[in-house]
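Shared chain: subunit A. Partners: subunit B in the first complex, subunit C in the second.
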Partner chain A sequence: MLGDFELLTLTSNLVLGMLILTMMLSFIRLVRGPSLPDRVVALDLIGSTVAGIIAVYAVANRQPIFVDVAIVMALVIFLGTIAFARFVEKRITR
Partner chain B sequence: MTEIITSFLLIGGAGFMLLAAIGLLRMPDLFSRMQAATKTSTLGAGSMFLGVAVFYGDLGIVSRSLLVIAFLFLTLPVSAHMIARAAYFVGVPLWEGTVVDELHGAYNPITHELDSKSFKTEEDQKKIVHSLPAESEER
Partner chain C sequence: MVPETTPIVSLILRTATRYVFAVMLLLSIFLLLRGHNEPGGGFIGGLVAGIAFVLYAIAFDVESARTLLRIEPRVLVGSGLLMAAFAGIIALALGDPFLTGEWATIPIPLLGDTYLGTPFIFDVGVYLVVIGITLVIVLTLAEE
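Up next is the complex of A and B:
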């Protein structure tokens, strides 16, 4: 029978493995993507995955201060994607 | 009990993120890839931060986790919409199995504003497209 602490350790390892697999798959799309917006979408998904990894780390190591880091991460993802969208749109018709 | 709920939410969120990556890799064109990636990653990240909120149960951490969830639910669809709009104007090709393109002819190709009257016919579109400067290699 698993204790509570062992259950959370097992869950954290499993979830971190799944998130690393997610990052690897979206990195394949980031490298292969035929157009620039494909790469931007892949980068957006990688950023969301990093926010998820921060959440799992905050649970696994009992350090709730990392939730603040996740707030900053969400802000940075949003600003980066908006900047790339403006860049893609202005690049042709300048 | 808290740990069980937290584990369930974390594994479910990570499963949704994995589905988002698989959809991003396997879907045929940019717009369906974006659907797969954005919606599922929003739900996955929201579920994981809900798991963090359930695990700590403290007022500060719960409010911060809910702030992250609200921020993700507000910003990820907006950024996906802006990327899709930019990609449509730049001319990223649709999937060859696409049935209907409702936006065709509804936008002014130069000012990128809604203008369905002036550019309805194919001749108007071609006239505008030919007056554009030469496009770069990678769109």
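Up next is the complex of A and C:
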């Protein structure tokens, strides 16, 4: 039988694996993406995935401090995507 | 057809910004206040506050972000530096080396004793400098 701690380790390893897979897939889209908006969305997804990885790491290592890092990361990535979107719009209307 | 000269505005972004802006400023003060004993501090707090103003400048425009800030960002840089230097001079006046942390115990009713020291004043100075520098750079670039 799995104890609580083993279950937590198993789950967090599984989730980390999935997140890394997400990151690889979105990196492929970032490199190949036919248009600029594709690349912007891929970059946003990578950033959100990084925030998710930090959060899972915080849970797995029982370090609640890292959750704040994830919050700040998510805010920064949000702003980056908005700035990118603005430049894309400017480029289209020009 | 949208005419090509229409300014780029997004109602969704503007509405979201009103809420996110307040949350970001709150988060920045939270990061500033707990910076002494846990991760955080003036630098990261100032960055988050600067990002909040940049977001406001993107969602609305640079002019309204400036009026929201009320103080010229350059003034923030100068006053922050003065504040940090002042924190060092307090230690000098008490006979210790420059920038030594001096702590005072402040009794607050119902909450017990609280410690307030010159590192906090220094951190607030760093906070103001970082907000100022970020906004000087970003707003100047955005106005071009």
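One rule holds in what follows: the second predicted complex is superposed on the first by the 91 of 94 C-alpha atoms of A that agree within 3 Å, B and C clash if a C-alpha of one lies under 4 Å from a C-alpha of the other, contacts with A are read in each partner's own complex, and residues count from 1 in each chain.
What we mean here is this: contacts are C-beta pairs under 8 Å (C-beta built on N, C-alpha and C of every residue); 3 or more make two chains touch, one makes a residue touch a chain.
None of the values given here were measured: they were computed from a predicted structure.
Which partner chains sit in contact with A:Ile82 here, subunit B, subunit C, both or neither? Use first/second/both/neither.
Touch status of A:Ile82: both partners.
Just checking: does A:Ser26 make contact with subunit B only, subunit C only, both, or neither of them? Give me first, second, both or neither.
first
Between subunit B and subunit C, whom does A:Val72 touch in the aligned arrangement: first, second, both, or neither?
second
Given the touch rule stated above, what does A:Val40 touch, subunit B (first), subunit C (second), both, or neither?
In the superposed model, A:Val40 contacts subunit B only, not subunit C.
When the two structures are laid over each other on chain A, which of subunit B and subunit C touches more residues of subunit A?
B
Of all the subunit A residues, which ones make contact with subunit B and with subunit C?
68, 71, 75, 78, 82, 86, 89, 93
Any idea which subunit C residues touch subunit A in the complex?
Those residues of subunit C that touch subunit A are 4, 6, 8, 13, 20, 24, 27, 31, 38-40, 44, 48, 51, 54-55, 58-59.
Could you list, by residue number, the parts of subunit B that touch subunit A in their complex?
Where subunit B meets subunit A, its residues are 3-4, 6-7, 10-11, 13-15, 17-18, 20-22, 24-25, 30, 33-34, 37-38, 41-42, 44-45, 48-49, 51-52, 55-56, 58, 60-61, 64-65, 67-68, 71-72, 75-76, 78-80, 82-87, 89-90, 92, 110, 112, 132-133, 135-136, 138-139.
Show which residues of subunit A lie in contact with subunit B when the two form their complex.
Result: residues 4, 7-8, 11-12, 14-15, 18-19, 21-23, 25-26, 28-29, 35-38, 40-42, 44-45, 48-49, 51-52, 55-56, 58-59, 64, 67-68, 70-71, 74-75, 77-78, 81-82, 84-86, 88-89, 91-93 of subunit A touch subunit B.
Give the list of subunit A residues in touch with subunit C in this complex.
Its residues touching subunit C are 65, 68-69, 71-72, 75-76, 78-79, 82-83, 86, 89-90, 93.
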